[in-house]
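Each of the next two complexes has subunit A plus one more chain, namely subunit B in the first and subunit C in the second.
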Partner chain A sequence: MRRRSLVIATASTALVVAAIVLLVPLAPGWERVQKAFFNGEVFWKTFPGLVKAFLVDIMIFAWCAPMIAVLGLVIALARDARSPALFPLRLFGMVYNDVFRGVPVILVIYLVGFGIPGLGLPRPWNSPYIWGTVAVVLTYSAYVAEVYRTGIESIHESQRAAATSLGLSHWDVMRFVILPQAIRRVIPANMNLLIALQKDVALLSFIGPVEVLRQAGVYKSLLANFTPYLGAALIFLAVTVPATRWVDRMIARQNAARS
Partner chain B sequence: MAKLSVRDVWKSFGAHEVLRGLSLEIDKGQMVCLIGASGSGKSTLLRCLNLLEPVDDGEILLDGQDITDPDLDPQPVRQRIGMVFQSFNLFPHMTAVENVLLAPRRIRRKRREELLPEAEALFARFGLVDRMGHYPDQLSGGQQQRVAIIRALAMRPEVMLFDEVTSALDPALVGEVLDVLRALKAEGMTMVLATHEMAFAREAADKICFLDEGRILEEGPPSAIFGAPREDRTRGFLARVL
Partner chain C sequence: MRLAQFTLSAAMALALGANAAMAQNDCAAGKTLKEGVLTIATGNPAYFPWVIDNDPASGKGFEAAVAYEVAKRMGFAAEKVEWTSTTFDQAIQPGPKEFDFNLQQYSITPERDQTIDFSEPYYNAAQAVLVRKPTVDAGAKPELASLKALKWGLAAGTTAPALIASLVGPESDPLLYEDTADVSEALKAGQIDATLMDLPSALYTAAVVLDDGVVLGQFPAGETPADSFGLVFEEGNALKDCANAALAEMKADGALAAIEAEWLAEATGAPVVK
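What follows is the complex of A and B.
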C-alpha cells in the first residue's frame, strides 16, 4: 500500500515538473525573463556579496531576538496584572498590543526610523540601526507578548491556586510555577515568530542599513539585472526552510507528548 | 476558643449566591468533614478559608484573629493553613522534592541543604523516600496526592484543608491517601475535608457538616448525622450517596 502511494506521488511530481520545464519556455516573454532573473553569470558574481550582506541581517536578528523575548514577557506580565491597583499597567499592555499588532511593521519602521532621527539627534544616536531595531523590537514584542499570554492562560488554574495556598507571593507563583511551564509550552509558537522576524529584518533596508535586500538592489542597479534578488531569496530559504521544518517537528513531538 | 471560626460568611459569584450566611466552629485537633451535593459550596468554603477567594460578608477567625480583614497580608495566613486539591496539585516541571522545597526555600529563606533533612523525614514518614527525585508524571495518582500533602506539611501549617483529595483517584489508590489523613489526625492536626468518602467520614471525623444551598443545614458527630439525621434534606442526600 505504502509503496503504491509512493509510486503515484513520484509519478505525478515528475509529470508536473516536466510540464513546467517544457511549457514555461514556450511562453512568449520567456527569453527576456530568463535573461533578467536567471542569469547564471550575474548570479555567481553577486552571490558572495549577498551572503556577506546577509551577515548584517543575522547580526540585527541576533540582537533583536533577545530584546523581543524580554520586552514581550514584560508586556505579557503587565497584561496579567490582577490587582485593581495595577489596572493602568494592564491597560498599557492592552493598548500596546492593539497598536503594534494593528500597524504594518514597515510603517512602524518608517515612522520610528525616519521620525526619531529627524528630531536632529547627534551621531551615533541618529543611526538607522538603532531606530530600525527599536521599531522591529516594539512590533515583534507585541506578538510575542500575545503568545506568552496564551501560554500563561493555558496553565491549569489549580497550579496557581496550589502555589498561592502555600503562601508564595504573586511574583513567586509566576516565576517558579506558571512561567516555567508556560514558556516551555509556547516555544514552538515563538519559534515561528522568530522565523518571521528573520525575514522582516530585511525591511530595515528601507531606512538605510545595507543588508541583503538592499545589497541585491544595489547589484540590480549596477548590472541592470534582477538575478541578485533570486540569490537573496535563496539565501533566506536556506535559513527559513530548515528552521520551519525543525519547529514543525518540535510541535509534533510536543503534541505527541501531551496526548 | 475555636481554632477556626466561620461567622455568617456570604460569598457570591456574580448573581449566584454560593455561601449564604455560613457559620462553623472548628476546634484544635478536630477533623471536620463537609458533605453535601455537588454545587453546595464545599470547595468555595475551603477556598475562602485559605483566602484564595475573598468573602463578601462575615468573618473568619483564626485563633481569634479576623483573617478576612482586607488590610491583612494574606501570605502569612496561607502559610499557617495548608491546602490540598483534587487534582493538578503538583508542579509538573519539578521533582517531588523540589515541589516540597519550593515554598520553604522562598518563604523561610533557607538554603536547600538546610531544609532537606526535614523534607526527607516527611517523605520517609509517608513511605516515599525512593520517589523524591521523581517527576509528578512518574508517580501514581495516590503518590502524587501524598506528595502534595507532604508539600503542604513542609510549611508546618496549623490547619490543613483537603478538597476531595481522593475523588480523582483509582479506587485502589484511595486507601493509601486516607491512611495519611488518619495519621495526621492521630498526631493532632486540625483538618477540614470536603469529601464524598462517606465511610471514611463516618469512621474518622469528629464532626460532620451537611452543606445545603450555601449554609450548614445540620452538623454533629458522625453517629448522629449518619445514624439519626434530623433534617429531611440530609436524609435525602444520604439516601442518595450511601
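What follows is the complex of A and C.
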C-alpha cells in the first residue's frame, strides 16, 4: 500500500515537472525571457562575485543574531515587569514594540544609518556597518521580544504562584522557573525569525555595504540582464532550505516529546 | 446630389488621411505604440538639469528639450508627445515596452546593447569627482594618487562602479547606494569622501543638494572609457532608425549643441584630473 502511493506520488510529480519543462518554452516570448533571466553565460560570469558578496551577509547576520536574542529578551522582561514602581519600564517595552514593529525596516535603516552618522561622528564610528546593524537589531528585537512574551505568558500562572510561595523573588522565579521553559517553547518561532533576518540583512545594502543583492543589482545594470538575481536567489536558497528543514524537524521532535 | 456628397466626403477623408500621414513623417508612421502619438519615458523623479522640476512635459531641462526636438523632427508636434515614467528595470525587462523610447541618462554599453537597443548618443558625459569641503581641506587634490586614497561611494544602478575601477582604481572597495540621492546623504554623513557622476549632475549636487559640495575635478568626455547617453528602445524597434535620423539632423544643424548650451552651459570650469 505504502509502496503504491510512493509510486503514484513519483509519477504525478514527474508528470507536472515534465509539463512545465516542455510547455513553458513553447510560449512565444520564452526566448527573450530565457535570454534575460536564464542566461548561462551571464550566470557563470557573475556567480563567483555573488558568492564573495554573500560573505558580507553572513558576517552581518553572525553578529546581529546574538545581539537580537539578548535585546529581545531584555525587552520582553521589561514588558513583564509587574511591580507598580516599574510601570515606566513596562510602558517603554510596549511603546518600543509598537513602534519598531509598525515602522518599515527600511525607514529605520535609513534613519539610523544616515541620520546618526550625520550628527557628526568621526570615522570609523560613522560606519554603515555599525549603524545598519543597530537598525536591524532594534527592529528585530521587537519581533523577538513579542515571541519571548508569548512564551512567558504560556507558562501557567500557578507555577509563578508556587515558586513565589517557596520564597523565590520575582527575578528568581523568572530565572529558574519561567524562562527555562518559556525559551524552549518558542525556539521554533524564533528560528523562523532567524530565517527572515537572514534575508533582511540584505537591506543594509541601502546604506552602502555591497552584499549579494546589491552586487547582483550592479551586474544587472551593467549587463542589462536579470540572471545575476537568479544566482543570488540560488545562494540564498542553499542556506534557507536546509535551515528551514532543520527547524521543521526540531518542531516535529518537540511536538513528539510533548504528546 | 447624394453621389456628389459622397464623393466630396470621400475626397475629404482621403485628404485628411494624407495630411495625418504627412504630419507624422513617413519614417515613424505606424511604428509607434499608439497611432499618431509618441510615448516617451523618463525616470521618476527625473533630476535637474536633465528635467526641470520633475516635469518633462514642460520641455524644460536638457533631456526634455532633446526629447521634444527629436519628436518634432520625427513628425510629432509637442501635443502629440505623451510622457510616462519607468525604472531602469522596466526599460530592460524582456517583452513589449510601455514606451516608444526612454531617456534617463542611459549609458551605452555593448553588454546592455544585447538586451535593448540604443540610439546614437545625444550626449557625451564628462565624469566628475564630487567631494565636500572638509575633504578638500584635508588635502584631497585632483590627482590620481590622491583620489585613490579616498573612500568612494557610488550609485549602484549606474556605470559609475565600473568606471571608477578603470578611471581611479581606489584602494578600498567603494560603497554602493540605491541612487544619487542616497549617495549625497552618505557624503553628508561623512561615510564616504567622494563620488563619481556625470559633470552636469555633479555640478547640480554640489550647488544645490550639498551645503559644502565641491567638484574636485573631471575626466573629460571623449576619453576612454567613454560614457555616452543614448535613447533606449525595445530590442529590434524600427523606430530607432527614425530617431537616429532626427539626431543626426540635430547634430548637423547645431540644434543639439544649442540645447546643450541652453541647459548644460555651466558644465565647464572643473579642473581636469591629472
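General remarks:
By our rule, the second predicted complex is superposed on the first by the 259 of 259 C-alpha atoms of A that agree within 3 Å, B and C clash if a C-alpha of one lies under 4 Å from a C-alpha of the other, contacts with A are read in each partner's own complex, and residues count from 1 in each chain.
The criterion applied here is as follows: contacts are C-beta pairs under 8 Å (C-beta built on N, C-alpha and C of every residue); 3 or more make two chains touch, one makes a residue touch a chain.
Keep in mind the model is a prediction, meaning the values are calculated, not measured.
When the two complexes are overlaid on their common chain A, residue A:S158 makes contact with subunit B while staying clear of subunit C.
In the superposition on chain A, A:G167 contacts subunit B only, with no contact to subunit C. By the touch criterion stated above, A:F176 is placed in contact with subunit B alone, subunit C being left untouched. In the superposition on chain A, A:S205 makes contact with subunit C only, while subunit B stays out of contact range. Among subunit B and subunit C, the chain that touches a larger number of residues in subunit A is C. Looking at the shared chain after the overlay, A:A243 reaches neither subunit B nor subunit C. By the touch criterion stated above, A:L222 is placed in contact with subunit C alone, subunit B being left untouched.
Looking at the shared chain after the overlay, A:R184 reaches subunit B, while subunit C stays out of its contact range. Looking at the complex, you find that subunit B touches subunit A at residues 47, 50, 52, 75-76, 78-79, 81-83, 85-93, 102-103, 106-107, 148, 151-152, 155.
Considering their complex, residues 88-89, 92-95, 109, 111-112, 114-116, 151, 153, 156-159, 161-162, 173-178, 182, 185-186, 188-192, 235 of subunit C touch subunit A.
In the complex of the two chains, the subunit A residues touching subunit C come out as 29, 32-33, 35-37, 114-115, 117-118, 120-123, 126-128, 205-210, 214, 217-218, 220-226. If you check the complex, the residues on subunit A that touch subunit B are 156, 158-159, 161-169, 172, 176-177, 180-181, 184.
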